[in-house]
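Letters A, B, C, D and E mark the chains in the order given here, with residues in each chain numbered from 1 onward.
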Amino acid sequence: MILSIDIRATTILARIWKWLLFHSFFVVTVYFLMKYLHVNISMATIISMIGIVLSILMGFRISSAYDRWWEARKIWGAVVNDSRTLARQLITFTSTAAIDPVHLQGMVHRHIAFVYAMAGRLRHQNTTEQIKPFVFEDEWHSLANRGHQPNLLLLHNLYAFKKMEADGLVSNFEFLALDGTMQRLTDSLGAAERIKNTPFPVPYSYFTSFLVHVFATMLPFGIIEVFGYIAIPIAISVIFIFLTIEQIAIEIQDPFANKENDIPVTAISQAIEIDLKEMLGDRDLPQKDNAKNGVLM
Amino acid sequence: MILSIDIRATTILARIWKWLLFHSFFVVTVYFLMKYLHVNISMATIISMIGIVLSILMGFRISSAYDRWWEARKIWGAVVNDSRTLARQLITFTSTAAIDPVHLQGMVHRHIAFVYAMAGRLRHQNTTEQIKPFVFEDEWHSLANRGHQPNLLLLHNLYAFKKMEADGLVSNFEFLALDGTMQRLTDSLGAAERIKNTPFPVPYSYFTSFLVHVFATMLPFGIIEVFGYIAIPIAISVIFIFLTIEQIAIEIQDPFANKENDIPVTAISQAIEIDLKEMLGDRDLPQKDNAKNGVLM
Amino acid sequence: MILSIDIRATTILARIWKWLLFHSFFVVTVYFLMKYLHVNISMATIISMIGIVLSILMGFRISSAYDRWWEARKIWGAVVNDSRTLARQLITFTSTAAIDPVHLQGMVHRHIAFVYAMAGRLRHQNTTEQIKPFVFEDEWHSLANRGHQPNLLLLHNLYAFKKMEADGLVSNFEFLALDGTMQRLTDSLGAAERIKNTPFPVPYSYFTSFLVHVFATMLPFGIIEVFGYIAIPIAISVIFIFLTIEQIAIEIQDPFANKENDIPVTAISQAIEIDLKEMLGDRDLPQKDNAKNGVLM
Amino acid sequence: MILSIDIRATTILARIWKWLLFHSFFVVTVYFLMKYLHVNISMATIISMIGIVLSILMGFRISSAYDRWWEARKIWGAVVNDSRTLARQLITFTSTAAIDPVHLQGMVHRHIAFVYAMAGRLRHQNTTEQIKPFVFEDEWHSLANRGHQPNLLLLHNLYAFKKMEADGLVSNFEFLALDGTMQRLTDSLGAAERIKNTPFPVPYSYFTSFLVHVFATMLPFGIIEVFGYIAIPIAISVIFIFLTIEQIAIEIQDPFANKENDIPVTAISQAIEIDLKEMLGDRDLPQKDNAKNGVLM
Amino acid sequence: MILSIDIRATTILARIWKWLLFHSFFVVTVYFLMKYLHVNISMATIISMIGIVLSILMGFRISSAYDRWWEARKIWGAVVNDSRTLARQLITFTSTAAIDPVHLQGMVHRHIAFVYAMAGRLRHQNTTEQIKPFVFEDEWHSLANRGHQPNLLLLHNLYAFKKMEADGLVSNFEFLALDGTMQRLTDSLGAAERIKNTPFPVPYSYFTSFLVHVFATMLPFGIIEVFGYIAIPIAISVIFIFLTIEQIAIEIQDPFANKENDIPVTAISQAIEIDLKEMLGDRDLPQKDNAKNGVLM
């Protein structure tokens, strides 16, 4: 997630400059061709209509991309909430029973491992090493070469909860409440994977991109006749605007792509770790990573 | 679901080329008629207004179609989540009881059968053979010539859960939680059938399509007077744009139509099978089908 | 719900032809007045602006109408889902108890009666005869002259469920689950009544309609000066477009009005009856009514 | 809620006629000034652009206002649903116990008092007299001079439910279900108060209104030069359109303001009273107030 | 939250006057340059198109900002509802048990402390002093130097509820219901923090702002040629409109920024305190702070 203003222009420019250069070159070429060959083509009206069509499509594109991004953010918000709820339930439900503190801490830490494993899976990162401090050693070995680590960590924790119930440490009711929390966490995991694995409909995004380039190609013919040399900066500005809007939509629509505009899943995972350890009574809390160069990952 | 870029143009073109050809031919005809008969009709303003009206309608059309597609995707996301939840509940709830592993596996496998039967029903495919490996043989015979297989599979599984409760393998509370999961799966099944069986309001889609063709017919009269021969490629480009937008909306709005732009229900069903077998401890997991030619079904 | 394409044009035309004729007549009158009286009024710009304002309002109108229609469809989808859930719960919850099969069937059939009574109430139809086969005779007499039949049928079924609990046929837990299903059905009933009884805000729909006619009246003054006789078909086309869009919104916005574009509540009710009887093990299922002339009611 | 068409024009006109008169006067003044002073100012293009900007803002304004109105209607729909659910739960839960019928009726009537108290609070009306027939006399005295009557009525009813549980008339499970219904009613009460107490963001509504008047002031300069005297009716028509759209948004955005376009909370409360009394078996049901002059309050 | 109309203009003007002055100066400069250097650049068409693109982007911007603001308001509405539900549950659940009134009051007051601590955290204010009257002294000392006070207050209250259950003051069922209320409060806390900590996507807001200034810079070139000196007030008006719309979006999109347009969290917290104390039977209720100068914080 980008927090600082300074890096914004750079990020976008780095991704569109090639196309911008190409279209700028094309605009200048058309200008000299029309001037020296005395070609007169004027199609301001039709260009204006295509521009409006493109704007309406872009409006849809940008709002869909924003909705994906905000939905992804909400999913991680739900992970934060359910993590706090889970820890609070585990701590208080066992507060009147003779539970081994190591056991209680083990379950909360396994949940922290789940959060890191979920974050890693969404960015296609191997989190086997990252979860090591949070799970028991034999469990860690059993997870190392398996397929879906976060899903298995949820399974392992519910095993532990069931065992607590069998041992009389929590009641049937409390086990049911813990199962409900696990179900909501499963929903968040699946929803994040859904956004990760489902690209924005390819025909939409491809066609909008195609239309931007068609428009950029027709634009000089539409305005050079009317404006003369001043048409060159104008055309380049307008093309720059549309390329930028499209690039922003591309940035935002994949919120787990390990880019600057991502949902900052690493930072959120750390915040969860800190909150949960504080609830356990730890006084020696880890430090949050600060945003680096205005970007929070 | 289309993943690759290469096949996009082909898919759309294959569906609109006849109309595109027809309108191109019409544009050229109007051009020569107006040139040799010296007919002068110019209606750029009104064409531009109709173009904007059409764009606003198209914006609504494309965003409604996208909403249907995304809702369908969310429904299958919910099936993934509730399948994992169901398996996790079954496995852990019975972990402290003396359950026959074959019985446990039987219930999880019946759920996998449900997922395949739901996928098949949405695509009007007979899944009787496909579910055979996942249900007991006599159950399979009883399902073979029945009406609504996925609904009956949910019923059979809840029977089995009730029997477990009667046998003391799961508690009242756990049976209630399993019943809740079944209810959410019923909701997903019904919601997917709703999208499948309810076409986008026919008057809307018909009228938008009609308006595109009216616009395409009026367009040459609107611009040939002003632009001359250059109007021919312009008119064809603009008609191409509107035909494409409309075609994309048509592709997307029926997300279970067994076409390239479908929700990839087969792939999702396989992923569920793999996840659930992994949770059961199977080491010999099936392979995922890869996307063929950039299309994932 | 209209399924076939052939009847579409007829449906809409049947509702707008009077206005279309009136405005066409007006357009022709203005043409001859301006021609023979040499009146010159040209207001293309302002007409174009009003056209765009009208389009934006129409875009809002059509998307609100569509949202109402889709919400109504979702409500009936929820009735389908909760009906299946209710039947599945009743059948399995009592599967290990010595329940009288007639009693079980009675409750499921009473629910089918509820579905038909709800469908009838939304269309202001008396369903007293229609529900007769599904309820016990004395119950039917008590319902015949009462106010809110579907609400009372829900009450009667929950009475029956409570009695089952008192008789030990279902547990406290199961009764709670059945009560939850009844609550969701109550929500669906109330939501459908809300849409039925709350017209789209009258000032909105009235004003949009008024604006369409103002626009239709100004249009000939705006374009006859510029286009001459060709303005006549153009003006009529444009007026036709706006009248049609408005008419579509009117059709769609009242989804329980017993018209061709309704939610097909009768067909959905029959589908529920078939599904529930199949779950009870009936082999002699009723036939679905097919769509008549492309319209499914 | 306005049901009849006849009063619509009057309602809106009554609220905008002063501004309409002022701007009409201004338009005529500008016309004569420009004519006799030979001032030539033409700014059709810029007027047209501002008109479109204004339309887009108005589109947002009208759809936000509609969303508030529809959300308010949904909240009251939820009150209807939960009232029926609560009555059904109370009646059936106690059907196998030896409950005093007066006690049962007392709880249902207290809920009817809650509904009237909620309706009155939203319209800043004192409902102390109105709830008198529905609560016991000493309770009524204790409520008379308190702050938040509907909230206290919910509290009193839950007290009564808890007492029933302590007396063994309902089970723990049933008490939990009743508590859940009370929680949903609390949510509806709070949501309606939220809409009542949170005005549409003041800067938005103020600025849109300001822009309408700026546009109305610039409009005559933009079109008198081009259209001559015919500009006067055109300008007034266009100004009328924008003033009306704005006024409609203002009407709709405060759905509990005791105006004609309100959510008809009184009528809904009466319908709840009738439904609940019918469920109790009362044969002597109150009559619904009919809509007066096409307005339902 | 701004309630009064009088301060509106001032608030917005105070934030945009520098840019407005700069652009006004620029417009006048361009006017004199073009007049005395006889430079002729006219680009009305392209300016008009950029204006429309900008309007569509602004429409998206303003509606996203409004959605954030309304979501934030809904979250605080949920806090109100769940606070009333929690107090009602605590009071009634313990009404038939021998609970120490101080203990009951302690839990309700701790919840009031939670509400103030949540409000303070969202505005980055230290609430250690503010919560002092509502918690026991040793608890207050333990909270003073901790990280996440509202989260810890939720934990402490659930501890107290669990202890009540262990002491037999509330049943298992009631403890489960209280846990559910705490879970919903956790969700509201997390959702408010999500909005607070997630800025509106920086590239979007930066780019829209950039585009406003580009448009403002191009505008004089587009209209001075056509309108002459009258272009100066027109250009300034149009620039003022766009600057204002952008500023409104900026104001609204961060609803917890301690500004005039904030969600009035302090006032809402006080209202919760009053409601809860009234439910406890207190007759000596605190006074609500009135809106100061038309602004409610």
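The working rule: a contact is a pair of C-beta atoms (placed from the backbone, for glycine too) under 8 Å apart; a residue touches a chain by one contact, two chains touch by 3 or more.
Chain identities (UniProt): A, B, C, D, E = Bestrophin.
Just so it is clear, the model here is predicted, and its values are computed rather than measured.
Peer 1: Specify, for the interface formed by the sequence copies chain B and chain C, whether it is same or different in terms of residue numbers shared by both sides, with half as the dividing line.
Peer 2: Different residues, largely: of all residue numbers at this interface, under half are found in both copies.
Peer 1: What whole-number Å value describes the gap between the mean CA coordinates of chain A and chain B?
Peer 2: 24
Peer 1: Distance between chain A and chain D based on Cα centroids, please, to the nearest Å.
Peer 2: 38
Peer 1: Any chance you could list the residues of chain B touching two or more other chains?
Peer 2: 48, 52, 56, 59, 172-173, 176
Peer 1: Can you tell me, using the touch rule above, whether these chains form a line, ring, star, complete graph or other shape?
Peer 2: It is a ring, because the chains touch in a row that closes back on itself.
Peer 1: So if I start at chain B and go to chain C next, what's the full loop of chains?
Peer 2: Chains encountered around the ring, chain B first and chain C next: B, C, D, E, A.
Peer 1: Please give the residue numbers of chain E that touch chain A in the complex, ascending.
Peer 2: 41-43, 45-46, 48-50, 52-53, 56-57, 59-60, 64, 146-148, 151-152, 154-155, 158-159, 161-163, 166, 172-173, 175-176, 179-180, 182-183, 186-187, 189-191, 193-194, 198-199, 201-204, 206-207, 211, 214, 218
Peer 1: Over in the complex, which chain A residues touch chain E? Could you list them?
Peer 2: Its residues touching chain E are 1-5, 8, 11-12, 44, 47-48, 51-52, 55-56, 58-59, 62-63, 66, 69, 73-74, 77-78, 80-81, 84-85, 88-89, 91-93, 95-96, 171-174, 176-177, 181, 223, 226-227, 230, 234, 237-238, 241, 244-245, 248, 251-252, 261, 274-275, 278-279, 285.
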